[in-house]
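Take a look at the following structure, please.
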């Protein structure tokens, strides 16, 4: 996988995630259930905010994460679609 | 029962639960009431987050737990269906 | 009344209550009003959680309690129906 | 007025109130307005909880109180109807 | 104006207000706007609670106050109609 | 502009604002957008409360302010219409 | 780009943003996704409040920011349309 470098700095507890292509089996053996296949719920963290007051961030750049199906807002950076979401929208790190 | 090992790390106060097959009587004598039989409410904890700030987790891996009927999101890991939920969705440890 | 022993451990501020049979007059002289007779609001505490952070529990096992009419979730243990509810659903100890 | 003794212990910030009969003029000269006459809003406190954490109770047994028209849940003890409500449902002590 | 003495003690942050008669111009030159004339929004404080925890009361007995149009509950004491409301329903002291 | 003196004391975090006449361009060059022209959103602060506990007020008398279109309640003092609102309804000082 | 100087002082945690013209590719390579093109979500911060109690502001004047599609209120200053919004409506700094 190529390096993920973006110049965007998320505010507070937000993270930018590059959604994985909708695939049946991932490297770590995670399979997105059928009902969710049309919109991937797995992705790679590419940018992380500084956290909220007294609450540092848990995820870091390059973490593979699972996130809620309707999490985040879409933004497009240099032709690629990303999602910007709050860390609380991320349910697990693979 | 075989060992439950998954590589997924839930964030904050989330836990991953392997739902029990819908059965009439469990090992501990707990019977899921008839109205809930189509979707099991009992399961085994297979992964636990680090808790929220100043609130460590109560449940641990291999705990048999009861959880609310609509708790959690389904995820599939190596062909098995799991639920990822907040610890507050768990009502009791068997 | 026979001993109430269950192996289930409620999480946090939850309690397990064995609902009393819908009767007209209880031992302590409490009568459930007519409009509530089809679902008993009185019961016996059979298991108690460890409380929430900095908030120990007030009720204890074997307390006779009154609880809100729609409180709790039903669970069945060894053929008996119990309710698992938050302590805040309990309005009084008899 | 006869002594008000009940064995019920309200939890936390709850109180048990014996509603006054719907009367036009009370001892203290308080008249419940016409629109509220069908359900008395005045009563006598007969049992008081221990309060919430760091918030002791203000009302005490035998206080004559005014309370919101839809406050509390009805319970019947030895043939008399009482209301069990939170202290915040009480607006004033006569 | 005659002395305003009532025996009622409001709980916590509540105050009892004697509504002014709906008049066009008040002593202090305040005119209630036309749309509000059918229900006065000005009144005199006749009783004050002890405030909430760590929040003493700001208004005091005999203060002339303006309050929100739908603030409070009506109560009748010795033939006069009063309003009992929270201090936060009072917007200003004249 | 004439001196703005009123005797009304707003409670807590409330301020009294004299709305500006609906004009196209103000002294400071601010133009209220067309869609808001029928109800001015600019005004002059004429009275300020003492603030909430541990939160002193930011605006002061004679500040020119912008406020939300539906902010506040109308009151009339000596023939002039004012708005009484919370400081949080004010978005900026000119 | 010309200097952005405005005399308006946002209150508390609010910021004034000059929305970018709806363009397909920005200087930093960010492309607003097609579905959002009719209303730009990118802009330049031109004024910043003093923050809320114990929460200093993160963005500063001249920051290029992305903000939620329905964020803020429109105001017009010297013929230009601006948005005044809370810092929490800003999702990232470019």
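We call the chains A, B, C, D, E, F and G, going by the order they appear; numbering starts again at 1 in every chain.
In the analysis below, contacts are C-beta pairs under 8 Å (C-beta built on N, C-alpha and C of every residue); 3 or more make two chains touch, one makes a residue touch a chain.
It should be emphasised that the depicted structure is a prediction, and the values quoted were computed from it without experimental measurement.
Contact with both chain B and chain E is made by no chain of the assembly.
Touch-path distance (fewest steps) from chain D to chain F is 2. Computed from the mean C-alpha positions, the centre of chain C lies at a distance of 55 Å from the centre of chain F.
One simple way to say how far apart two chains are is to compare their mean CA positions; for chain A and chain F this gives 44 Å. Residue positions of chain C with contacts to 2 or more other chains are absent. If you sketch which chains touch which, the chains form one closed loop in which each chain touches exactly two neighbours. By the touch criterion the chains form one closed ring, and its order from chain B via chain C is B, C, D, E, F, G, A.
Contacts from chain B toward chain C in the complex involve residues 28-33, 54-55, 58-59, 66, 68-69, 87-88, 90-94. Contact residues on chain F toward chain E in their complex (touch as defined above): 7-12, 14, 16, 47, 50, 53, 73-79, 81, 84.
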